């Protein structure tokens, strides 16, 4: 049974989605339970697979239909994808638990269909992370993209137009990817990643213009999908108008998985050597990434809507990861990979906290943060932990990913990127302290700005209205894992990430 | 802005066209695509599955994992369209009429439809079943079958079609087809093979490994056919009536 | 001259699909009407399908359905049949295209209901007010 | 003497005592007496631990504790050596004093959000001791950041516009310095040297040989200006802004925790990361000496112009902090000793001064020096202590400040820096210029026209006066018997 674990990771949520479609009459609680069960199973199997990988310290392959790899499709779970699978399954499970109240609020009818789409999206993401076949990745990319269109379109009125734009842009991205796969297929005749990698390492293909175009198209497609500046315009609108649960699920995971695909394409399908020597435009990506980090953060500073602010922060974080991947040093790669995990957790943490605040206050602007420390102390602390991680305050995981990224950039003497990272961190600090000021002390007009000695103002009597337990538990777990991941950076890097550092950088 | 887009795209197109020099000529038998994997498929496919149509073999056996997700994609599309369009509560008395309401029967139209539809449906089944030997298979057959329902809706009206094939039934078919596909994969797992390893069906069906693969292909094609058929119907229902499932195109 | 001729004639499949591809892309980016954007999207996707399917062609080959000799023996020669893999991939891509199209149309209907128009500039104006 | 395993655990307890008190303080918010009991318990534990460690260190031992290895080559670790113990002793002792005083102040003014105040107070002490005991730059950086964040609510305590503006400025300078300068310098240093552990002596440092001089200079100045808590101009601007905080906070910021941590980090990096040899080679020491000399003179001149007592004290702090860095930057053994002992001397003197300012405010609600004429006759103990502490600032015997001046003078003679001697003389004159009038007016002046003291004014509550007297007495005590602290300081010099 152990050897079936890799496929079960993907199949269990798929079955959950199929059954969820049909269980409408059994009521929302049943659907909720079914979703949770499916995701628990998936998480268990991904942990099991990761255990298998760690046991043998080599990639676990799973042949679908028992066909040998270049002919059939295979799943490849190595240290990197194993960790990403656990991240996806874990985050999805936490979001699912969290969704008990908000999903019902956002979807008074057809909750089971909503959950089915939820489960399908998770299936797509897990499948992408586990797949060892470029075309299979495309199909699963489309599954996750389609289900995300569906989920996002369930937001409020303007969500439709934002989703439509996302659909158009997302299709362009996926089609670029497909076209790139086409070029590579023409030149290699294969679709299996390992097989293609072996063929692509032949000298005449290293020189081929078509292979370069294929690579460029694939990377371009993935960049559109992960909203790298300046291709990010679709994201903030689409994500910020979504329902709470949808935002918690999609915002942290979709972009991270795209980054993972980018790393896979760069270093597994092609090689570090090829990317950094044969591709003429690769030295300039650092500047793009730096611009993404700085401009994303500054744009976030300009937002008054909480979730829009968070999505712009994601734009900046994408810049971090892209930069880390393209600075061509081992530390940079470790930083980028570690940041996939770190950013997944910390954005989830923030989106959950903001979701809970919106759920309780009914406001989505910064004003929702007023006196949160009095009203929802636990949520507020969780928000602070997430914010600290984004800023990069030790010992949260955000600090250590930044550490590796800066170290990598310093080794590569990419000072522009170092400066961008630091400026972004400082801007992030400004963003969050502005919020925390409101959260801590309330708005000036509510506390009474008169008098210069604090004793004259009594804090406004605020009712304590903590988020419901179904939201608090996953939030606390996420916040705790942000810190635990930070404290166990060494273990994560040694046991998982250092195995996947590509040769040649 | 438009001009700028135009110029950029022209430049990209020229760049990519220039690079096309590097690509193999059209229909070149020596191109990598024709020499690397496809000979293996063509030479082993029939031997291993007893199915002459190699496209079907690759689709539903070598790459059946992809095909399952293909079915999932259409399933997702139906679900999403339903979720997007159907979730608003219907506004009473605001049925949008897309064409004038007709009194009486369109005798010629409906008579012709009554003649054609059974033939279409039988042909659809043939296309699904004969996919092993000729062009065809679950997708093609499913589309033809779905088209027969759409024809009903067009020639009579949407309400009439919905009476014949209710939304709940459509939904069961949509999920059921994919479920059939995935369940066959899971059965293979239970029998000790990998997911979608049709050899696992051999002991259940009492057939040889090769024939078991052939039957496995048929079974998943049927699953795909059911899903595609009902998805076509479902998409038409929702899109034609803007989600009201009342009066439509 | 001969080389150029060869360049155009022998690779016309890439030419055709790339031209279509960019026509579609232009439509998706530049058109104001959302329905036209969708049409552009379909052209764009179809171009890629053409690109893919043209890979499958092989000179002197027929459809990849195994032929039988007079004594009922299968003719298992790879050169006799076209490459089946692109067909399979294209089938998948078509289905994905249809699914995307369906979802796009559904969203478009909703946009029409919410904003009363499917012209992009008018929608933006509607959102602002 | 305890077993060695006790000394392994003692630094952790010393750091975490106040951390453990945080939830207890937070939970007993509704019962002030219980809450204050936790504060004292934590403070007592902390001081006991530090004190027992002091004896152990004095016997020539160095305690090293590896807590958790966060990165493959880097861990969070503590190292208790003589340099760290000096700072730890001062701050843990002053916490007890400050806590006593704070209770009086907060209750005297009936301040709001007292629980939050004590929680943050405890957190910041945890961070201060953490910095003192940290065994490598990473640990130091972590606690440094923790201090910045935990003092932010203290600075913004009043929650009015002014308080928020001050707190914002505070954060921008501190985080800007630490994230923008220290962090990259830290990581580049790590990339170069492969380690961030402090060297075991002040000679060699850890910067590997063969590092380009430009890089060393850049790193050095990134650290010097990045540890913005040290108040070296132009990074001092947060300090006067943070004056809006309640007086106990100012006392904590200026005397015990924040600025001392900044200076401690700076000197730690100068001595144990770069090392005397490298600094001498590249003339970094003397450049730094001139930079801080400028700060000393400028800050003193600005202090002269301030009428607000706390603002004047703030600029005095900026000036005095640079003494410490000046001493170390001269690189002569005597000057280094003078610089380090000034951490202690300035702490006691400055906390006394701020306590006095607070006591005056609680008793009379007066903030400006011009309004304090004749007040000394009403509040003799407070102003007596004030006079003693300002003598220490000026550097007159027999108060502690004299020791500093003496050692730095000897050191600059050793280093042959006549210009520095002139700076010292000028600064002493300026010190006299801005401190003497306060005491003089208080005792011999008359209330300014239009200001009349209400008859009810008398000395501040006993719970505030006692800490003031204790701190002032110790200041004198150190001046007369400098031996106890000096023996630690002398251990720093090989």
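Letters A, B, C and D mark the chains in the order given here, with residues in each chain numbered from 1 onward.
Basically, contacts are C-beta pairs under 8 Å (C-beta built on N, C-alpha and C of every residue); 3 or more make two chains touch, one makes a residue touch a chain.
All values derive from a computational prediction rather than experimental measurement.
Think of each touching pair as a link: the shortest run of links from chain B to chain D has 2 of them. Counting C-beta pairs in contact, the pair that comes out ahead of the other among A-C and B-C is B-C. Inter-chain spacing, taken between the CA centroids of chain C and chain D, is 71 Å. The mean-CA centres of chain A and chain C are about 30 angstrom from one another, to the nearest whole unit. Centre-to-centre, using mean CA coordinates, chain B is 17 Å away from chain C.
Averaged Cα coordinates give chain A a centre that lies 31 Å from the centre of chain B. Each of residues 135, 139, 142, 146, 149-150, 153, 185-186, 191 in chain A touches at least two other chains.
Among the residues of chain B, those in touch with two or more other chains are 16, 20-21, 23, 31, 33-34, 37-38, 41, 63, 66, 70, 73, 76-77, 80, 84.
Of all residues in chain C, those that touch two or more other chains are 21, 25, 55, 85-86, 92, 96, 99-100, 103, 107, 110. All chain pairs in contact, by the document's touch criterion: A-B, A-C, A-D, B-C. If you check the complex, the residues on chain A that touch chain B are 4, 7, 11, 14-15, 18-19, 21-22, 62-67, 70-73, 107, 109-110, 113-114, 116-117, 120, 123, 127, 133, 135-136, 139-140, 142-143, 146-147, 149-150, 153-154, 183, 185-191, 199, 208-210, 212-213. Listed in rising order, the residues of chain D touching chain A in the complex are 68-72, 76, 109-113, 138, 141-142, 145, 149, 152-153, 156-164, 167-168, 171-172, 175-176, 179-180, 183-184, 187-188, 190-191, 246. Across the complex, chain A is touched by residues 21, 25, 28, 34, 37, 41, 44-45, 48, 51-52, 55, 85-86, 89, 92-93, 96, 99-100, 103-104, 107-108, 110-111, 114-115, 123, 127 of chain C. Chain B contributes residues 1-2, 5-6, 9-10, 12-13, 16-17, 20-21, 23, 25-29, 31, 33-34, 37-39, 41-43, 45-47, 52-55, 57-59, 63, 66-67, 70, 73-74, 76-78, 80-81, 84-85, 133-135, 139, 228, 235, 238-239, 242-243 to its touches with chain C in the complex. The residues of chain B lying in touch with chain A in their complex are 16, 19-24, 31-38, 40-41, 61-66, 69-70, 72-73, 75-77, 79-80, 82-84, 86-87, 89, 171-172, 174-175, 178-179, 182, 185-186, 189, 193-199.
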